[in-house]
Amino acid sequence: MSSVTYGFEAAAAELVRVGHAAAVHGWVPATSGNFSVRLDNGEVAITVSGAHKGELTAGRIMRVDLQGRPLEDKRPSAETLLHVQLYRRDPAIRAVFHTHSIGSTVLSRMAQDELVLTEFEVMKAFTGIDTHETTLRVPVFSNDQDMTRLAARVATFLDSNDPVPGYLIAGHGLYTWGASVADTLRHLEAFEFLFQCELETRRLTAR
Amino acid sequence: MSSVTYGFEAAAAELVRVGHAAAVHGWVPATSGNFSVRLDNGEVAITVSGAHKGELTAGRIMRVDLQGRPLEDKRPSAETLLHVQLYRRDPAIRAVFHTHSIGSTVLSRMAQDELVLTEFEVMKAFTGIDTHETTLRVPVFSNDQDMTRLAARVATFLDSNDPVPGYLIAGHGLYTWGASVADTLRHLEAFEFLFQCELETRRLTAR
Amino acid sequence: MSSVTYGFEAAAAELVRVGHAAAVHGWVPATSGNFSVRLDNGEVAITVSGAHKGELTAGRIMRVDLQGRPLEDKRPSAETLLHVQLYRRDPAIRAVFHTHSIGSTVLSRMAQDELVLTEFEVMKAFTGIDTHETTLRVPVFSNDQDMTRLAARVATFLDSNDPVPGYLIAGHGLYTWGASVADTLRHLEAFEFLFQCELETRRLTAR
Amino acid sequence: MSSVTYGFEAAAAELVRVGHAAAVHGWVPATSGNFSVRLDNGEVAITVSGAHKGELTAGRIMRVDLQGRPLEDKRPSAETLLHVQLYRRDPAIRAVFHTHSIGSTVLSRMAQDELVLTEFEVMKAFTGIDTHETTLRVPVFSNDQDMTRLAARVATFLDSNDPVPGYLIAGHGLYTWGASVADTLRHLEAFEFLFQCELETRRLTAR
């Protein structure tokens, strides 16, 4: 397990950097996406609601508790519950990133319950995977504006399946997490790369 | 309604910033595209004709009145009428952006009268939409070099339909607007993202 | 006709700027592409052979005469003949750009003798075209390592057809030109945009 | 043959520059990719294991010998054997780059034993090729986590075939090399361009 430590200021600086990078990639259009880090004191630093990630500043990162309740006078992301449920489930998780790319949006709308990926070298980027001879089954949940209900469906899935490094919400995007900001960013890049490869492959073969 | 205020200098600075961002995205090739803001004094700040948006400077933003008549000795965009008709119809509109992306060009040429989008989370980026369970019908007008005639067709449509946050002109691009520069930029990013998702989806399914 | 003037230093600075922009777009991979300007004194400033356009400096721009003969001790682009034949034909031409994009490469390989484009608003970016209700027939020449022979085929075509703002060489890319650097860059951006639109459209419809 | 010289510091600076450029292109997602230069003293400078190439620093370049053994207390890339076998085979090789792009990943997974490319002008970017009238057969090896076994298969192929400027590993990416960093970067850009052209062409024709 990682031995990273995050105070609020360091976490906010990391989230600003990740937000800007995600914007350059086109993964967070139109104020979409949200990003969080679990702080050393057990609180969570998370992007506020409605912030454009390409223009993110530390002033638009706020603290919430593990139930997602604001610890300062700002409004956290509408999807805060999806972040904190992951932190509550697994003490090793230190960062959660949600992006909203073209690849994740299109593939998740076309998938039924899961997206199956296999025989890609880049899957070794996921913590715990050490060979391309792996089949990764990424769960896809149908979209829901009721975050409590959506979080409950995610919890039910995670309770009864082998660990996965991320999941998709249909027409909405990717959630991924890890034991540090660096691990989570590596997972994010691996997923978005896999989605692009999958789209390219389907264009050429699924006919 | 937004309480934003725009003097000419602030508006011009915003338009320069938006123009450069649109150029980086590839949405305004070859001097295409035009951008405007309604000023606090009721005049409109708009890009001049023929300016390359990636090299836009405040000197290439000019003032016109609500009939589109120049208020200084420069030539406004050829499509100024399409901007000012929107400002005249709705006092809440403070910015109008026209872009000319690959996605909007290709989809608008293939569409008949409208482009129908549904079940995308990003549609919540449009002011007044709060769920992905929405069907957005984006009108598509055939292209016309006669701006008075084209503006009249747009007016007829807007008079007799529910409000929309934007429209397409076939082979020509997108018009979108909002209650502030930030709102309009969010609408623009949401539309361009939706067009890309729609193109990707059609590649995979429309066979 | 344009009244632009170009001394060598100003021309070299413009060519460096255009080269860097083309590299950012991915239009000049692996030292491909070449760019020239006709100077006020009748000489031509052109990129040397083998220069990477993303790292272009003024030291890699050289002078040749209208027959393409070097006027200094450097080796000009292998395709210099294709530039100077255009300057000799038409005194109004002040710049010639050759790019090597994915779009121009793929479409030119699939085309027979021409690429036909119609009903695109962006065609108004070409000098002399003022409506989208235009059909542009872009000639496509088969590739040839013998520049004299290739130049002769281009000359034969241009002698016996209406003026065009550019042509393609199969599997090799685009040549375009104009009355100034700005005009030529606008033509280049318009062509590359049209190629992308055409590729997207064919993906969706040509089945 | 090139007369380039590389001390460790100059080589490390070049590798940092190449790593950053590859990251901007999206060719090294999620810490994938590795890059090396043969030093004048016969040692090899290579990226360490797990480094993100977009954030590469000289401190993450290390020295190994021609058997791939570390010459300092860092862990070299897991694929170091694939680099050093090339340096041992051919004294003219001064740089080896491995990238992990969408194009190389998708095409290599679909290929059987080779990827055949023909009639592209850009093939002239490969040292020794001077016409587009060339057919380039790029070998594709199946992926393997056992580097000794994979290196042996590569060696067997190279022993019994005409020289090629690179090869693919299925679902894993490209290896390319050259007589200098500049030559190898030109080969890399040419390959990635060819892969994109091939993908585009297959989308339009392979049905």
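So that you can tell them apart, the chains are marked A, B, C and D in the order they are listed, and the count of residues begins at 1 in each.
FYI, contacts are C-beta pairs under 8 Å (C-beta built on N, C-alpha and C of every residue); 3 or more make two chains touch, one makes a residue touch a chain.
Every value quoted in this text rests on a predicted model; they were computed, and no experiment measured them.
The best fit of Cα atoms from chain B onto chain C calls for a rotation angle of 90°, in steps of 5. Homomeric contact chain C/chain D is classed as different-residue, with under half of its interface positions used by both copies. Centroid to centroid, with C-alpha atoms defining each point, chain A and chain B lie 32 Å apart.
Chain B and chain D have CA centres that are 45 Å apart.
Shared interface positions of chain B, defined as residues touching 2 or more other chains, are 203, 207. Contacts between chains close into a ring here, every chain touching precisely two others.
Each chain pair that touches appears in this list: A-B, A-D, B-C, C-D. Residues of chain B touching chain C in their complex: 26, 29-32, 52, 100, 102-103, 105-106, 109-110, 143, 145, 169-173, 199, 202-203, 206-207.
The touching residues of chain C, when paired with chain B in their complex, are 119-122, 125, 130-133, 182, 186-187, 189-190, 192-193, 196-197, 200-201, 203-205, 207.
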